[in-house]
Structures are given as C-alpha cells and as structure tokens.
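In what follows, subunit A forms one complex with subunit B and a second complex with subunit C.
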Partner chain A sequence: MVQSRRRQGGYFRVFLFLAPGLLLILLFFLAPAIITAVMGFTNMDYRFQWNFIGLGNYVRMLHDFLIPKIAVNTLIFTFGTLVIFSIFFALALALTTTSIGERSGLFFQALWLLPRYTPPVVYAVIWLWILSPTKGGLLNGLRDLMGLPPIPWILRYPLGVIIVTNGVIGTSMGMLIFSSAIKAIPRDYLWAARVDGASWFQEVRYIILPLIRWPLMFITAYQTLSYLTSYEYILLITGGGPFHASEVWSLYAYNLAFSSYGGTFEFGYGAALATVLIVVGALASLVYWRIFRLQKMMAPPKIEVL
Partner chain B sequence: MPRRFTPGSLAKERRKRTALKVGMYLFLFLVTLPLAIGYLWLVVGAFSKTLMYGFVPQGFTLQNWDFLWNPRLPGLDVDIWHMFLNTLYLALGVTITVVAVSTPMAYAISRMHFPGRTAILASTLILHAFPPITLLLALYYILHALGLLDNLLGVILVRAGLWVPFAVWVMKGFFDDIPWDIEMSALVDGATRLRTFWKIMLPLVRPGIGAIAVFAFIGGWTEFIFQITFVHNPKSWTLCSYIYAIIGSYRLTNYGLLAAASLFYMAPVLLFFIFTQRFLVRVTVGGMKGGS
Partner chain C sequence: MKRIVGCLGLITALVLGIWAFSAAAQEQEIKTVTLRAWTIGPDLPSVTRKLNLEAAVERLNKYLKAAGANVQVEIEATFHTGTWDDYKRANLLALQTGDPTKIPDIIFTCHDDVAPYAEAGYLTCLDEYVAKYPEVYEDFFSYLWDACRYKGKIWAIPQDTEARVFYYRKDLLREAGYSDEFIESIPDRVVKGEFTLNDIVDVGQRLLESGVVEKEHAIWHRPTIGVDWLQFIRAFGGEIYDPETGKLVVDRSATLAFFRFMKQLVDLGLTPRAMTQIAWPELFTAFVKGQVGIYLAAGSWQWAEMQGYGATEEFLWENVGFAPIPAGEKGGRPVSFSRPGVWLIPSASQHKDLAFLVITLASSVDLATRHAIKSGHLAIRHSQLSYVPYAENKFLKTVSELCAPFGGISPNHPQATVYWDVLYKDGFVPVETGVMTPEQALEHFIRRMKDRLGDEVIVRD
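Let's turn to the complex of A and B:
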C-alpha cells in the first residue's frame, strides 16, 4: 500500500523531470516528422491549405524530368564524399596523427576539427574566395601567377566542389572515432608485430584495420545518412547550380519550398521528397539499432532497483 | 617468421621508422596547409587593401572594418551591433533552454525507473542519429501555426529541441558515472529526490553541463539554415543573416568586407576553440559514444 503510493508519487516526479524535454522533442522532432509525411499527400503552397491529392506528388516524382539527374547527383555526392573523405582520408589522418608525437597529433586533429565549428556562412566565404572565378580567388590567383587564364571552378566542376567542401568537414568525425579506436588497441600487439619484423604497413593491414572494423562500419553507416540528407553547405556554395548540376535530393526539396529565385513555395511536393529521405533515414536508424546492439546501453538504473 | 637481430639490422630498422615519421609529418603538413591558408586569409584579407594574386597582402588598412558603424548593404537600416546582440540572444537562448531541459531529463533517465524508460532512451538515441534538416518544411509550418516565424524565439526553440537528444545522451553519461552510493546516502539521510538532484547531483555533473553548454552556445551562435529560412525581417537578423546577405548582394567581389565581417562573426567561436581545443576533441568523441 505504502509502496504503491510512493510509486505513484514517483511517477509524477519522473514526469516533472521529463516533461520539458519531451515536449520539445515532441513539438520539434516527432510532430514535424508526421506532418512532413502527411503534407506529402497534399498540394500545400504558401496559403498552407491541406488539399489532399492522394499519391499525386509521388506520381509527379516519377515523371519529374529532373529526378533521375538529382538521384544520380545524390548517389555520386554521398558515396564520393563517404569513400574519399570519411573513410580513406579520415583513416589516413587518424593513422598518422596517432603515430607521431601526442602533442603534434592533437594539434593537427584540432585543426581538422575547426571547420566543424566554423559558422557555415564563414566556411562558405572561405571556399567562395578559394574557388572564385576571378583572379581575386586563391586558385585563380595561383594560376595567374603561373600565367594561366582563370577557370570558373564551380561552373566547371560542380560535383567535385560539393564533394570536397563537404568532405573537409565530414573528415573530422571519422578521424576522431578512428583515432580513439586506434589508441584503444593494446600496445603489446603492435610491439609483438614489430619484434616479428612487421613493417608499418603490415601493422596497419594485419593488426590495426581488423581491430577497428566496427568503428569503420559505424562511420560508414552514420556518415552515409548524414551526407544523404545534408545540404546546408551545398546551398551556400553552389546553390545546386549551375542548372541543377550539383543539386541533391534534400536540396531539391528545400529549393522547391524556399528557393530565393524560384520562390514557388511548393510545400506539398517538397514534403513528399523529404518523406522519401525520412523513410530512408528511419530504416537506416533501425539498421544501426540491430547491427550495433545498442540495447546493452539501456540497462535499468541501479538506484531504483534497491 | 621471427628474425635475427644484429646491430646493423636494428639501426636500419630505426632509420626506416624515422623516415616513416618524417613522411607522416610531411603528409599532415601538406594536407593541412590549404585549410590553414583558408583561415589565415580571413585574418590577412580583413586588414589588407588588396591581395595580389588573391593572397599576397598589399597595404595595411582598417577600412574593411567600417561595417561596424555602416552596414554597407543598400536598404538595410539595422546596425551591426543590433545584429550582434541578436546573435548573442540566439546563442544564449539555445544554451539556457538546452541545459535547463536536458539535465533533469537525463537525470530521470539515468537514475529513475519508470515504464517507458527504455523507449524514451531508445528514441533519443535514434533521433540523435536522425538528420533534423529533413524536417525543415514541417518546422516552417509549425512555427507559422504558432506565430513564431520571423521571431528569434522560434529559432531558439527549434534549435534547442533538435539538440535535446544529443544533450540528454551526453548528460546521461555524466550522471551514470557518479557512484550511486553518494545519492543513496543523501536519500537515507532524508533528503527528497528533488533536493538530492539539486544539491548533490548538479554540482557533481558541472563538467557535463559545461560541455553541453559550450556545444549549444557554439551551435546557436553559428546557426544558419533555420535562421535564414525562418527569419526575414532585418530587425531579427543575426550576423549570419548579414554575411549571407553580403554574399548575395556583392556577388563576392568585396573580399575585404567579407573577410572582416566573417572574422568579427567568428571571433567568439575561435576564442572558445583555442581555449577548449583538447576538451572539444574529447567531447566530440564522447558525444558520439552513443553509437560507437
């Protein structure tokens, strides 16, 4: 009796602790996910009216002549950035920064972390200067120094530009995760290999890589999802242009609704496009859940058991 | 195959290892150089009249900094300090909301037993991996319905809401690390749960609160996509909106102004970064622990 009264009071107390956080998550995370899915079945525009048109937007998606191009761009961008930067370059940085002195290793890591904390507009300003089509930019300034004519980098290599600019930010995630995994490898393994005459490359190939298999898979899964859906930096640096050459799926959804030059406010169709990404994202999250056995972190707290 | 050691082979091995280290430094130096040049340009460009070949400074000047009293955007009658205060308001708003909301939530998840605990924990973890940017259209609709468009409070709430899963996850880790005997002894001595939380636990997780506060502050200060999508009235512009507008209107010919304004906007983050470097490296990994 006493026990159950205490329990009830306990639940109210728990509710007090949880309520503000749950409210925010509900209002700005779960509700928007549901609203996006429902909005995808309407032809909502700037008047915000819920006119349901069934699968109209999805039929339109099948006939949209831009979609094949955008789907290809999205795949090239996502996997290009993932493989070149998040895996290979991040691994190269992690292996080198953990093999040199600790202080200088941390110094280089911190420098590569800087883009992640730079305001996106400032990061874009730096790149717009580097890639400027005029001689005032870094790359064309260097070409000028060598007597070469300037190249309009963004117009000529739109996909390359968005891969590099996003990759430089994405690298730090893999670098940090791989470094901490490498540091966690017992030193005796490496010493034993060295005594047996292994070269550094053999150490990496036969000891380090097999032991950081899980972090590698984690980064692959996590970064695939984030590249698939991120468009902030693309919006800032190329805007998706020229002529949709660097437009990816998520940016297309954004541009349909908010594009400064189109300004069409196509919320319904944009939401349908976003829904596709949300479904992919939700599926990917479920896969993480299975693969990475996250349940083990959900153990009940000790103090209430007593 | 085990090998035989001779003084000669050891010396050779040592030379190989040294050469390898030199190679590593060279590699790191070469790949990091362009990055460093980019940030260095912000500083050099902000104080130079022109840059020859795009990067060789010519003549020291403070003229690029006149945006501090003259916004230099046609039709803009809001001064830069107003935008600076807006940015500060946004950053502090996000910080306070995130800390106030996620600390008690993390405590409850870490220390209390209640039905649905696992579900809540699981959903914060899944949301943590879920990219919020895909929800932008619906968020626009919600803010419109709540009458919070063109209002910094709307951006604060959205940004804070999207940070809560991450912050709860980090804070839960800090609460988990505190031995429960400490809390038990307070409870045995007759303190209520709320009092224990306030008097005993909060002081112990101060480093955690510091960590999520730093992240939330930087996140709010550098906020871009929600700010430029939800806020159009220049009265509510932040420094981010201002630089975004310069990029749009000058078509990037005035690099001096852009560099100076960017440096001004970035300065607080840069300071934070210099002083908390090691800590940032550690906590960025810590925050990711949720999945690895």
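Let's turn to the complex of A and C:
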C-alpha cells in the first residue's frame, strides 16, 4: 500500500534528504553557469577586470568567420560519436558480453573499461604513438611491414580520429548500463521465446531492445551532453588541428580563454562561447525530455512487485 | 627544618634554571624568513635555475651568520617539468588573487610575460632595486634589459638567454657528397649572408636524392608554437614590431615568402606534411640517430637536451653543426632570436628587498655560468666571457660569437604571444598541411590577426 506523504513535515523531510545533492548541484553546476554567463558580458582578459560590454562578445561571435566551421565540427563529432560508439557499439558490446558466459563477459567488459580509467594524458600519449605519421607509430609500422607507405592519420582524418578516440572511452558507459539492463530482463521471456523457436537475432529485436528502451534513451540524452562539452582528449591528441579541422566548440572556448603560451587569456569571449554551449545543452535536454517522454520513466510504477 | 630548606632550595634551583634557560634561548633566538620561488625548465638540465636560488640563499645565510645577524633565510623553490601552458596558467591564477600567501616571492618565467603582467599591475617595478647594486647589474649585457622593460620601466631581472639556430648532420652531408671544406664553412657563409634558406632547400634535396635520408626525413623542424617562427619573417626582410607606435606589424611580402618557403619544403618531399603532429622525443631521437639531416628552428639549449638522448658531447661536435637561421635571400642578414628567461618579483610579495637580494646573489658569475654550461644557455654578464669555465666551453663560446650579432627578441607587447599563436595555427601550418595555398593562408592570417588584435596590429606591404 502506497502511503500518502501529504502530511506536514513530509515535504520537509524529502527536502532534507535531497539537500546535500541540491547543494552540490547549486555550488558546482548552477553557480559556475551563472558566473560564466555574466562573464560573457565582459571583456575580461589577463587583467581580471569586470568591464561590462553588453552583447559585444555575441556580436563578435557573429562576425567570427571560424564559428560556422567549428559549429559543424561540433555537430559531426557529437552525433557521430554518439550514434556510432555510444549507441550502436555499446549495444553490440552489451549484447555480446551478455550472450557469452558470465566470466568471459565480465572479462571483456573490464577490458573495455580500461580506457576510461586510464589517465587522460597517458591515454593521449598512447594514441599519439598509435597514430604517429612516421614508421615509428603502431599503425604505420604495421603498414610498413606490409610494404605500404605511411599515412598521416591525424592530418587526413582529424574528425575520424577524435570520434574514434573519444568513442572508445564513451562506449564503456553505454555498455555497462545496457548490459545491466539486459541482465535485469526476466529470463522467462527469453526461455519462452527460445521454446517458440526464436533465433538470437529475433530475441534481440523483439524482446531485448524494447525492454531496454529507457536506458537507450537515457544514454542518448546523457552522452549528447557529454560529448557536447568534452574537449580534453581532443586537446591532447589533435589540439584542434590541423587548422581547426577537429576543433569543437568547447575546445575553441578553452583555447581562447586558457591558452597562454600563444594567447593572452580572453576570458570574456571564452565565457560567452561557453554560455552558448550551456544554452544549447539545456535546449537539447528539453528536446530529449519531450521526444523520449522521459517524464513517463520517472512516474511511479503502475505495478507493485512484492 | 631540613625539609623546608630542601624545598626552598629546589624551588630556587628551578626558578634559576628556567631563567637561565630562557635567557640563553633568547640569545640564540633566530628569526627565519621563508621565501617561496617558482621555476620551470621544462627541460631537465635547466634545474640549475632552482639550484642557483638555493645556493644563493646558502651564501646569504653564511654572510648573515658571519655578520652575527639573528636572521636566517629559507627558500622553498619548485621546479616545473610540465608544459609552459600549465605553468603560465598557474602563475596567472595565483597572481590575480593578490593574496600574498598564494603568490611566491620570486617567479621565473620568460620575458614575454613581462608586458601583460606589468600592464595588469602584478609586478614590482625594479628600477630602484637595480640601482642599489650597480656592481652586479652594470655588468649585465645591455640588450637584455630590453626584454625586461615595458613602457620604459624595468620589471624583471634577466636570468639567462639562448640563441636559436638550425642544426645539421655533418656526417650525412658528407655521405651525400658535400666536401668537408664546404660543410665546415656553412656557419661562416650563413653569417655573411651567402648561405640562405634556399640553400637549405638545396641541401635537403641533395640529401634526399642521394638516398642518404628517406622520404620526408631531410628537413624537420620544431613541431610547436614558438617565437622561432617570427624569425622567419625577419629572415625574409620583414618587421614584426613598430617601436614608435608600440604596435605589432604584419609584413605581407615577408610573410608570404615565409609561407612559400614552408610549402616548398613539403612539396619537395623534404618535410612531412604532418610535421606538427610529431612529438618532441621522436624528433630528437630521429635527429640523434641520424635519420634526419637538418633540424630547422632549433635552439642552443637543445644541444644539452640532445645529450639526454644518448649523444655525447664529442659525438655532437663531430657530427652536428649549427648556425643562426639563414637569411631568406642572398645578401640578407641571418637571424637568431633569444627568449631571455627573467626573474619577476610579484607586487604582492612581502619580502621584496630580500627576494631581490637573493636574485642578485643567484646572478653571480659562477652560478650564472654553472646554469649556462649545464643547460646550454648563454652568458648574461660581460664577466662571464672571461670566466674560465665559460670561456673554455667551446659550444657556448661558438654559439655566442655566431649568434649574438643577429640577436632579437619577441617585442614586449602584452599581446605578442597572440602573434606567435596566429602565425602558427592560422598561418603556416595550414600551408604545410596542404589545407591552403600560401596566398590564401596570408589573407586568412591577416584576417585572424585583425580579429584578435584589433587596433594593435598594423599591416604593411
């Protein structure tokens, strides 16, 4: 029996339980977002002065001739990595690792988690060695053994490189969530299907996929935002090059704001760029919320399993 | 009765003891002042920057003790071996807090930080301090003070300097058929303006054609942003700074010539298109192993760095030659920029006089020479030239003689490093990687410079 919580003090107790989480969100998400947005209206640089210039930075953005290219890069990177790695590849991994025995499945899942837990710089250095344009690199070394000339991977396929290098990490989250969702599917359904003569593929298509609908949608929404704002691996591996070919919006903002070896900390403009990203992210979340009807996922269950 | 006397005696002894002890302790009470300093290499041989500060403090304590002063100095110096990027970021974030507990008393950095930091008010003006110790500071080379000045005032003390050169493998040139006489005469010809960047291309081609090096291994260059690239503008006869207006200058014809030169290098198969994707360790290893013939846009401190990759000094003298960056056309002047390292004293420091004294002591002839020799940097004081360890150091002596007449620095303009950034990312790298033609890149470069610098840049033909 569901107890009614509409008593005095009930909401207060709920609030108390949520308070630590809310505080964290306020301090580490909301407050910085607001400060960044305000900073976007200044022309703050290495002098750290709050000179308000109104919409000056946004006007500059409209005239910045690199912005269209960067916007396109961001779209290709975000949705490319999302669809190829976070959804399809993660799903493939989840399905295969749950179809083989438990031990082997866990072993391969652990392997795929390794990139995520490797320190970013180490991860980047390994990839730089793999992708080195000379024979000393892994891929070109193998090509050399086969008598083929070396390919400058990062130069020729900058977007491909950032999609693959980020995807290899991103895929593990989807894999974990999908595989636990798959394991939570009652075995009865699958046995019943097998008794009726369903092939593995039919099992996947008609039973497993529909039952992991929510995790699929969640991962789509979550990873979209994740890729929209991630730039560390791109910074370390391609640097946004060559010539802004792999530079995404967040990296562009970062470079202008924080790159000091060859720049002088344009915090104001960088903050304005970041604010645009915040707005886009918020809009994307709203769109996903609506399309996927995520409200339904959060509703109280219609069946009470005792 | 005995007990009373005994107790009184004990108490007296106790009181006397405490009084004596505290008196003695007060006599020996020594005040310790702690200074904090941040330094960076990032190359490992440059750790002498930190060590020199520590040695200076040791000497200072020695003198203080001899003078019977009750003060001793301690120094907590760090040495950063990561990138300049993180180091500069950390410095700026600390400086902007204005909090003396977060800001060190001494910061080592390169002179290009002088202009922005002075402009922002983070530094102590050092004109008066320098005037206090003429016995030391009048010995410094006068051109180094240019790197320390902004708007006519001194904001930093020179710590070291270097020269930028190009290195070439003499043994590979010999294999390609060049005579010993020619090879040994290269530095001389560069200085006279007879050996130009076009000649470097010719040498590279011959290395490739004779099979001494593999494709795209004839000429390699520095794979990162740096002041080095500004040298090429000068080499092709252009200017980068207008001292009258204090603005940065873009010289169209010189910049175009530079882009065309870089295009030539990749078109002829001398340099890989992906040169800027090659990491430093790979570059040094390949050059030291003799897989690459010429290393362009290099620095004198890399002579010491190469020794860390397995080349002994004898090996280097036998097989590696060096000269300033040649002129673009015959009859022009070669170039060799320096990026002097400097000591800064933040305005938030609470021990300015002491910090300055420590820096002065760390600039003594023997300590400065120790740093120069260990890390391949050049002399900052006239006295060093006649100081035996320096004078006997063949490399430093040769480099100084070759490069000093053609020295130059990045202008002390607060946004000078933007020039470095745009010239690299939006200038010659698109040309080298084949994304744009030199003409397209020039227009793009100028557009981006105006975008980021606004009025601070003048474009000349």
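The rule is simple: the second predicted complex is superposed on the first by the 247 of 306 C-alpha atoms of A that agree within 3 Å, B and C clash if a C-alpha of one lies under 4 Å from a C-alpha of the other, contacts with A are read in each partner's own complex, and residues count from 1 in each chain.
Following the convention adopted for this analysis, a contact is a pair of C-beta atoms (placed from the backbone, for glycine too) under 8 Å apart; a residue touches a chain by one contact, two chains touch by 3 or more.
Model, not experiment: these values are computed from the prediction.
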Just checking: does A:85 make contact with subunit B only, subunit C only, both, or neither of them? Give me first, second, both or neither. neither
Looking at A:250 after the superposition, I want to know if it touches subunit B, subunit C, both of them or none. Which is it: first, second, both, neither? first
Who does A:132 touch here: subunit B (first), subunit C (second), both, or neither? both
Which holds for A:241: it touches subunit B only (first), subunit C only (second), both, or neither? second
Considering only touches as defined above, state whether A:218 meets subunit B (first), subunit C (second), both or neither. first
Check whether A:258 is in contact with subunit B, with subunit C, with both or with neither, and answer first, second, both or neither. both
Of the partners subunit B and subunit C, which touch A:29 in the superposed model: first, second, both, neither? first
Who does A:48 touch here: subunit B (first), subunit C (second), both, or neither? both
Of the two partners subunit B and subunit C, which one touches more residues belonging to subunit A? B
Check subunit A for residues that touch subunit B in one structure and subunit C in the other, and list them. 48, 128, 132, 134, 136, 258, 260
For subunit A, which residues are in contact with subunit B within the complex? 10-11, 13-14, 16-18, 20-22, 24-25, 27-29, 31-33, 35-36, 39, 44, 48, 89, 92-93, 96-97, 99-100, 104, 106, 108-122, 124-130, 132, 134-142, 144-145, 168, 172-173, 176-177, 180-181, 195-197, 199-200, 214-215, 218, 222, 225-226, 228-232, 235-236, 250, 253-254, 257-258, 260, 267, 270-271, 274, 277-278, 281-282, 284-285, 288-289, 292, 294, 297-298, 300-306
So, in the complex, the side of subunit A touching subunit C is made of residues 46-48, 63-66, 128, 131-134, 136, 152, 154-155, 241-245, 258-266
Using the touch definition from the top, list the residues of subunit B that touch subunit A in their complex. 1-3, 16-17, 20-21, 24-25, 27-28, 31-32, 34-39, 41-42, 45, 51-55, 97, 100-102, 104-105, 107-114, 117-118, 120-127, 129-142, 144, 157-158, 160-162, 164-165, 168, 180, 183-184, 193-194, 197, 218, 221-222, 224-225, 229, 240, 243-244, 247-248, 252-253, 255, 258-259, 262, 265-266, 269, 272-273, 277-278, 280-281, 284-285, 288, 290-292
Residue numbers on subunit C that touch subunit A, as the complex places them: 83-85, 88-89, 92, 96, 116-117, 119-121, 225, 272-274, 276-279, 282, 286, 414-415, 417-418, 420-422, 424-426, 429-430, 433, 435-436, 447-448, 451-452
